[in-house]
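In what follows, subunit A forms one complex with subunit B and a second complex with subunit C.
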Partner chain A sequence: MSEKTYDPIYDQPYDPTLAEKLYNPKKPMENRITDIGPPKYDQFFPPVIKKNYGKWVSHEILEPGVLKYKSETGDVVYVVRCGTPRLITTDYIREICDIADKYCDGYVRWTTRNNIEFHVTDEETLRALMDDLKGRKHPGGSYKFPIGGTGASVTNIVHTQGWVHCHTPATDASGVVKAVMDDLFEYFGSHRLPAQVRIALACCLNMCGAVHCSDIAILGIHRKPPLVEDDRITGVCEIPLAIAACPLGAIKPATVEIEGKKIKTVRVNEKRCMFCGNCYTMCPAMPLADGEGDGIAILVGGKVSNRISAPKFSKLVIPYLPNEPPRWPSVVKAIRHILEVYEKHARKYERIGDWIERIGWEKWFELTEIPFTEKSIDDYRLAYDTYRTSTHFKFTNHVAVK
Partner chain B sequence: MPTIEYKGKTFEVDEDGFLVKGLEEWCQEWVEYVKELEGIEELTEDHWKVINVLQDYFKKNGIAPMVRVLSKVTGYPLKKIYELFPSGPGKGACKMAGLPKPTGCV
Partner chain C sequence: MADIKKHDTPMCDELKSGPWPSFVDDIENYGLAKGKQACMDLLGQLELSFKNKETHWKHGGIVGVFGYGGGVIGRYSDQQEKFPAIWAFHTVRVNQPASKFYHSAALRKLCDVWDHRGSGMTNFHGSTGDMVLLGTTTEQLEPIFFDLTHQLKMDLGGSGSNLRTPSCCVGKARCEWSCIDTQELCYDLTMTYQDELHRPAFPYKFKFKFSGCPNDCVAAIARADLSVIGTWIDDIRIDQEAVKAYVGGELKPNAGAHAGRDWGAFDIQKEVIDLCPTQCMSWDGNKLSINNKECNRCMHCINVMPEALRPGTDTGATILMGAKAPILEGAQLSTVIVPFMRLEPPFDNLKELIEKVWDLWMENGKNRERLGELIQRFSLSEFIRHIEVDPIPQMIREPRANPYVFWREEEVPGGWKRDVAEFRKRHPA
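Right after this comes the complex of A and B.
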């Protein structure tokens, strides 16, 4: 970077021993730097972006994964978008940096769906960059930098921690995402859908990420109530928090006797429990993960944009599919099926939610041949608004006509 | 569960160094042990005021007070609490007071 930067730290070569030199465990507050925030974004702008900031006139998608922006100054910039697994090593980041050094003067960016974007300013470099990216593969054979994710495609899956790092998941994140994206890979590098399809995954119904507002959502669910570990609950839990964490009021305080000692604990009314796991989030002595009980629910029809129709929440259509590591075949099959029926039937520009609302949910369940279960019928507090208070409906195979 | 021995006392702690049995095992030595961990040079009356408020509130209500309640009762703004306990009211003060480890999406 030749231009003057805002933060002096970026002018100096990286010193891996600096933190250790500055930190003295005996005096942790000495030399402490705090509240400096993230570095200012525009010091990492490629020169062409910096020059044309706020002056863009138009863009076009040249081919899947490749965008071209035009500025009022006459400048153009080409952007190549590549998929990433989100969970990556420093070796992989270094490889990205090497590519950026080779073709993009050291500049690169990540998108809000964890794709990578490389910027170049001429077509010759663009072709060289793309050829290079296409040739890079992991030893196992998978592409390191698949190009795609633009336009009416299935782009990267926004996902969570799963069994890699979290303690409340009902399913894995990275594993399911890899299995689904492998199966839908053709949709990542093409524009054959009626509109873009956003897929998201959350490994429990804390719903970190975007499952509640995605075209197709993969959600980890439990099906069994928590176990209460009476012998340690008093020491590790703030019991009123566990009681207040329950959306259905299924938890109440209780006293039990262990080895002659009275102990404060809680009891779960299993008929009221819907296995959300909120109490475990607040209280480590109420675990509920279960190999056979846990699985995945599929929701469809959410979106966040305002285009034509207002943003929508996604809705439950498949209440349960089993966890089948390492490739989750039932989940993969269900998602591909939903996508294919959508591709075949929806009109241009229709997101999955728009399409379903046009044809009606009963027709959608008939088209996809997904069995409708009572689990899809809302029964939580404001449920009434989701029932049909109209005589408008279509006869489908769900209604037995004699 | 790992145990910690300090000045002749044994404490059962979790992986983050919180007392597993809570106030049951809490004592003067525990406070001194955490003081060393936290890099606190000397325990002042201010420190003890925070610890006492936390313990009283926990005994009475079964939960740790919200930060705003802690500030209001002690009269110390959050900034002062961080000056007393560099790791903050949760990881610093609650640990020293023997309260359960804070939970939720922290």
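Right after this comes the complex of A and C.
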């Protein structure tokens, strides 16, 4: 057993009675500790990481989900990456801890896409760890710790709260992600794409996470203007904030009479509303969720890395697909289709956005047979920059010659 | 435990099948094993949402702990009679260690706290980086905070109009490309600005993210108001023998990232030289040359040949600002403010810049105006003048095309105070 590097406080058992002894509601500031920040990071580095910090010279991907890093000291570290559903229980975390204790001296890390990574220093432990991980399944049959997410794969889907915890979503997050990843599972554990494909989901257009800059983005959208609760609005909203919350100036102050009393409220110019939901974020009396109206838009072609081309926003290509819980078949089918056409046509190293820009959007819509609609034509402020101000285009089946 | 109520959840149950790890199976089994009604009620309410295709959480909820103005997201069910165990279901954001390395001792102890005081459900991790403890009641918030601070030496993360929890890539801990110490930078700035993180004093939220190189593994350029991205200012290091090993097929391009498909033998001309965005590389069959003065450090050649090429040794970071999601004025990526800054502890040069930006934004930012929107409203030129940064061409993709140029009065000889009578002496009307 290697020497412990972490704060000894973590070896002291949790005392479930201590907080009640320390916290006195009559003197709330007594015994209060504040502004201590996070635990210092390096106490949780596995010894090989701590020793070789800043000394790594190269790496290779041995197989999908397995990386090997070499240090200038001659040390190596093997990394096994596993998918997780992000929404996890303490028992799932404890199982991760069991695995970490058994093979990795208790050390484990999470990635920026909510995968987990185990570190070992020899091949024998590596094989034992992988065999163990592959055998762990939930009672329903799903893998607990699928290995993959490296190289030219589809890795984990960065996603949001959905119907599990948020008040403004137009779709669910965890359910859609599970449905999509089940369908694309073969791509998580393989390296057969032209480049890595980042899929992200946001359940409303606040776009918590990475939807605006992902290869494929799943975005919850509304299609009906908000309701206005005249009898409640003054009690729960600051009306000027609701008015200022509208990107299109569609909300105006108004006065209505209820039971002989004049009440301040708002009116929504429905023709100017594009259902962003930001007024509801600011004002609880303007709900807009709607089972039939809400659904999902698909965007493609975004990226954050600076590799070859500059970072790009994702662009809207499918304006609406219905919410179809629990498996969202239309969304799952559309994403697989986009991925397969990309896999077939793109060149090595081309991200989805790089490929589309090379062939042209008109060609992409023709290749994918995704119907092009007016909804993909920008009409917000700087929209003009997205129009085709040249004669450079390809003739595709969209052009009807008369 | 016998009295735990399991709701009928046929649609949720369909999400137990398939290969990807099932959150439903995890939550249900944990709930049954630990006797957690909140897990059952959460699945019950999710089932109702699947049926109605609408959320069943009430709007908002303001809860927290004394001394702080953020860190807890309040949430209440709108089906409180059906699902009483999630009547109140608040989320606690706990500041994660930089780059999310843990030891099981710390994780297990955190799990003990959360089993005792919460639902047992979590998000590892929130998109901003926090460990998210998903679901507890208001009266547990202070005890949770006391447990976190006294028994785990952990603190809350940020929420509201403040500095949110900073995060970083894996950096030098396990990457040969990291040009800056992302963890130390992340930790130092988190500690320096604890007050700004816990007590909202800003016009709106503000995020820091730190990536070690332009691959930007924490998506700093897209997801942080202040994006710090490592880079170098000298030459890419070349190991010519290793280059030959790639050309000879002994080493796998891109470390084997494309090994699942036959892309043919590695062709350095086609896969590296011709894809270089500045066309600053050449291969004469024996030697790889890079005209580093023309290189824009996109990382492509280094990514393809990690055994042969490495970033330079004179390292620092590019500082970019203003990324945000669409609301209100449209999505933005961060824009270059400082092309190269050396970053060594205690990072005073970066802190000085941050504080100038905050002074300006706190004074001038409108309610719920992100920094990126203030830069748009002020204009980039006005913004950099206020934070005392000189304009240079690296800040723009191209110069403006329109001629609507503002000049300040002091820039123009004679100023703007003129007498029309004087004008008329030269030009009778």
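Assume the second predicted complex is superposed on the first by the 388 of 402 C-alpha atoms of A that agree within 3 Å, B and C clash if a C-alpha of one lies under 4 Å from a C-alpha of the other, contacts with A are read in each partner's own complex, and residues count from 1 in each chain.
Rule of thumb we're sticking to: a residue touches a chain if its C-beta (ideal position, glycine included) is under 8 Å from a C-beta of that chain, and two chains touch if they have at least 3 such contacts.
In this text the structure is predicted, and so the values were computed from the model without any measurement.
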For this session: Could you look at A:191 and tell me whether it touches subunit B, subunit C, both or neither (first, second, both, neither)?
Result: second
For this session: Return first, second, both or neither, reflecting whether A:206 touches subunit B, subunit C, both chains, or no partner chain.
Result: both
Exercise. Which of the two partners, first being subunit B and second being subunit C, lies in contact with A:284: first, second, both, or neither?
Worked result: both
For this session: Tell me which of subunit B and subunit C touches more residues of subunit A.
Result: C
Exercise. So, does A:74 touch the first partner subunit B, the second partner subunit C, both, or neither?
Worked result: neither
For this session: Would you sort A:260 into first (subunit B), second (subunit C), both or neither based on which partner it touches?
Result: neither
Exercise. Which partner does A:325 contact after superposing on A: first (subunit B), second (subunit C), both, neither?
Worked result: second
Problem set entry | Partner chain in contact with A:29 - subunit B first, subunit C second, else both or neither | both
For this session: Kindly list the residues of subunit A that each of subunit B and subunit C touches, one partner per complex.
Result: 25, 28-29, 206, 241, 281, 284
Exercise. Subunit B touches which residues of subunit A in the complex?
Worked result: 25-29, 206, 232, 234-241, 264, 281-284
Problem set entry | Interface residues, subunit B side, partner subunit A - complex | 14, 19-22, 24, 38-39, 58, 61-64, 86, 99-101, 103-105
